[in-house]
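Shared between the two complexes below is chain A, which has chain B as its partner in the first and chain C in the second.
Right after this comes the complex of A and B.
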């Protein structure tokens, strides 16, 4: 079990080691708490992305859907005075609707999800700007409980939610019929069809799950910033895909692990925080981040080759 | 070289760690009681902010015994969430003060409140935090920076002196969520109003050159009577300049900008851009750092806002 994650955990441990050596302020509780409370958005998005990649799709709209759902939340709370608990269902509903659209159109019409979700990337971003009038909506303390660390635990409800999503996602994938069908669809959709299983409902559900997770990520994002930002999470799809790929998820479908994607998220987050603490220049940050992504994938490939040979 | 070794450390996956990269800007200071100041910037790809950061690094090098400096920026000016994360990371790493150019005047306030609660001194530079939000968060953060409205008014007045009453002009605004953008717009509007000049079109080009180019081109064909374009920063002024040139009306339409970036200097020298304002970007972060050091020195003083100078730049003030 642990062998599966060994390659990634080695990379993570090496990064933590290098930063702890480089900065006397890195290896301490505060740093790890701040990392944990920053990653819920990316983690939630990456869980959904992993599932979508496994069925052989891709979801490029995650950042825009995240922004749209946080915009819905912000507008309901600020302009209509809704309480947080009333606004959350609508925020998730908006995100689920985007996911449903992605799934229905790409599966129903047999269009590559790359194109459909690319369209949704623009549509949802535009809708966000309409909803917010392109203005940042400052929500204030009403939304903060989700992103603020719980007293005593030091971790935020958003982080715990993200971890729960990872656990549920992994369980769904490995221990349920639904999950096994998803892997089968991604591996060989034709064989699945020949076995008399209708794959469409499964594939569509996966896009809806990805949408809902983006909605939760939007909630986490809004609570961390205490505001709904129309420009939120631009480019997060690439970070999420990077996290999945670092975690060994195949872009061709049929192979992937939610837990590994989560470790991928951790690698990205540790790298970002560590480089910031060292005050490395932006250009070098990009070079180092890119190199680590590639190295992590190489290490993981070597690990799986080693496992196969022994 | 230090970074090269850091890079190497990553590439080799860490046999040889970076020795002393903690004092990241090369200060010779060591010892734990030297204050550590984090400078949190907007996009360092924007020349204005990289100049600001360079000014700060140079100042640190000259005062290496007084403080240590960590400089971080975000990849573009819309990446709020990264900037909030940077503030949290700097607090977590135990800095004594944060000098910040906020990417948004509202969204950064809660993160800065948490930083202050953790005992970190916070100074606001460049883009002023929203007063209402600061009040709602129940915090006071001193602002060190120029009066953008007065600066834009100066530029607008100079432009007005070259135009006649009743002329039509267009305006390219910055990001509408930013305080500076709003201030510069108000300064331009006031100058135009006083001179009896009509603003026939006004749109946000979000500080960006290419966007400004598209919008200015559309404005020029929509309102051919436009005599001048007022851009809220120099990047947009350069975008407008290209649009004027491609519409074949070079020389007929005056352009003014703001910031005095190096690319605009030659355009002003050649008369393609009429004027801009220089808020001495290289000194802005330094003023902020000095304010932070003063606050660390004497924690009891009430932090007051500090206004820094803005200078009008025209062909007459620019040496050829």
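Right after this comes the complex of A and C.
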């Protein structure tokens, strides 16, 4: 079971080792707690992105949808005085609607999801600004429990939610007909059609799932900042795609693993935190992170060539 | 073959092998100033031979000389430099570029990398006028032209380069009568200038009118070279079809025939039309194996796809078994649910998930039906089914988790068929089930047909290999230019009759078609 993740886990372990050697503050409980409480949004988004990439699509709208759902949450709780449990369903519904739109338009009209979700990236961001009047909405303590470590466990509900999403996502992918057909559609949609399978319901569902996960990520994001930021998570789509690619998910569809993407998220987070502790400048951090992504893709290309030849 | 002392092109012993040998020690001599027709049934090796001459394929053996010099082009550019131009069946134009840019693509007039538009269009204009295309605008996008015009443009592009030898592979398939006439005039000019022309066409009347000599290929082998004036079109067909005898396979055919005693209808197609396929009707009984013969482009694959709902039929109905409701499937899913399965011609394109495992491919169509409970995969049942299919079809693999793309063609084909055995169906549509696979795998597929027939399944088999159809089928439906040109029963068919029917839709005067349609009607009436 662990064998297929061995390569990624080794990379992760090496990074942890290097940073522990380089900085005496790194290998401490606080570092890991802070990483764990930073990554829920990216993890949730990356789970959805993995599924979308597997069916051969891409979702560029994740950051805007995340911001929109947290804005809906903030407005409902602050301006209308809704309780958290009442605002959450609506915030998820808004995110699901965005995903449904992405799926219906790209599958129904046969338009590349790259373009449709690029449009949604702008639409949802604009909607967020309309909803919030382009102002940061401070929600306060009502939303904080989700992002704060549970007593005794040191992990936040948001983190546990993200881990649960990874587990459910991986289960969906490997143990259900739904997941099997997603992989098949991403491999060769025409062969799937000629096998007598209608692929549209599966592909559209995947975009909806990605939307809902962005909604949950919006929740996690709002709870960590105690507020809804109309400019939240700009560019998170690229981090999510990077995590998926580091995890070996193919941008051409048909291959990927949710767990691997999660490890990809961890690698990115450890890299960020570790480099910061070493006192590396932001500019250098960007160069190093970018290099890691490119190297991961090269390694993956070599791997698949090796597999093809053997 | 009386060998010329110094022909323009001399090909000796050209051989091309993939998994199977598609061209086996072929000879061809083309003289300067002659139109040399290359004839043969589908898969006889005509296109392969031409591609070797044009530098698109490298032969495994054999040698060539061009104008007395040894000639072994490494690629198309080398062949073109030597004066050998080819116009292929598939168009090689770039639809988003203009006519002028396509014509002069590899020698665009430029100064310091900047295209000189005036000169480009002037040169293109001169070339177009020379080739009778004065109505085509040089600035028009190629994609906006009709297929016939594009084909002519491709000929023009070939002739605009220095041309000692011109190869035309089915040039008139997409041309109108007027365009064909222009083309023939061009070829006549070219012949008078002393160029050699190799001409491939299924239209035998055209060949008879145009060619000086004819070389016939069959099953990748050289048959003979004759003067065109010595051969009638019937004799051409005879030479192409040849004789056949494959005892083992024939025995299987007899077994299938014996199994087909049922009068129960499995599939009835009425007046089906879609694209080239026009008004096709026939009936398939349980336990029967019916072949669909015809030339490339006769609409065989299109017929299967229209039945299966891969393309939506424009007219006509499909009846299945005892179901009184007529169908016109709009998605393969509907056909599969109604008990129809289709094994596609192109395994790579739409038959298999090449980068996935044998297991995933095997169970794909049957996931909901057989291998899941409440949406969860029954992993063990799935593995068992894949393993037992590998065993029963003798699929050679390291494990059921092996990637299908890593299997040989024959084993891939077994997986493509096996997936439908796992799903189960009443009517099986096979498109070229044995293309490109070796003899052993072919036998295994035939034996499978036999057991399907015994189990009362109905099979419709499209094949370009007429011998194969003669061996395994109870009946053969011949399509010609999209229409049924004859339905032949096992006791009154012959390769000659079938080939004549296959060509009947393309021959100028169609005396054959009347009788062929009578046969078709007779057959349908006998089985109401």
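We take it that the second predicted complex is superposed on the first by the 295 of 310 C-alpha atoms of A that agree within 3 Å, B and C clash if a C-alpha of one lies under 4 Å from a C-alpha of the other, contacts with A are read in each partner's own complex, and residues count from 1 in each chain.
The criterion applied here is as follows: a residue touches a chain if its C-beta (ideal position, glycine included) is under 8 Å from a C-beta of that chain, and two chains touch if they have at least 3 such contacts.
Please read all numbers here as calculations on a predicted model, not as lab measurements.
Clash-free side-by-side placement of chain B and chain C is the outcome of superposition onto chain A.
When the two complexes are superposed, the chain touching more residues of chain A, out of chain B and chain C, is B. In the superposition on chain A, contact of A:280 is made with chain B only, not with chain C. Contact with neither chain B nor chain C is seen for A:167 once the two complexes are overlaid on the shared chain. For the superposed model, the angle subtended at the Cα centre of chain A by chain B and chain C works out to 130 degrees in steps of 10. Legend: residue contacts after superposition of the two complexes on their common chain; A:9 is shown touching neither chain B nor chain C.
Of the two partner chains placed around the shared chain by superposition, chain B is the only one that A:17 touches, whereas chain C remains out of contact. Of the two partner chains, neither chain B nor chain C is touched by A:100.
Looking at the shared chain after the overlay, A:180 reaches chain C, while chain B stays out of its contact range.
In the superposed pair of complexes, A:155 makes contact with neither chain B nor chain C. The minimum CA-CA separation between chain B and chain C in the overlaid arrangement is 31 Å, rounded to the whole angstrom. For chain A in complex with chain B, the touching residues are 11, 14-15, 17-18, 21-26, 28, 30-31, 33-34, 37-38, 41, 134-136, 138, 140-141, 144, 221, 224-227, 229, 231-234, 272-273, 276-282, 284, 287-288, 291-292, 295, 299. On the chain C side of its complex with chain A, the touching residues are 308, 310, 331-333, 335-337, 341-342, 344, 349-356, 360, 364-365, 367-368, 371-372, 375-377, 379, 403, 405-406, 419, 423.
Every residue of chain A that touches chain C in the complex is listed here, in rising order: 175-178, 180-181, 183-184, 187-188, 190-198, 254-255, 307-308. Listing the residues of chain B that touch chain A in their complex gives 3, 6-7, 9-11, 13-14, 17-18, 21-22, 24-25, 44-45, 69-73, 75, 78-81, 84-86, 88-94, 104, 106-107, 109-111, 130, 133, 136, 176-177, 204.
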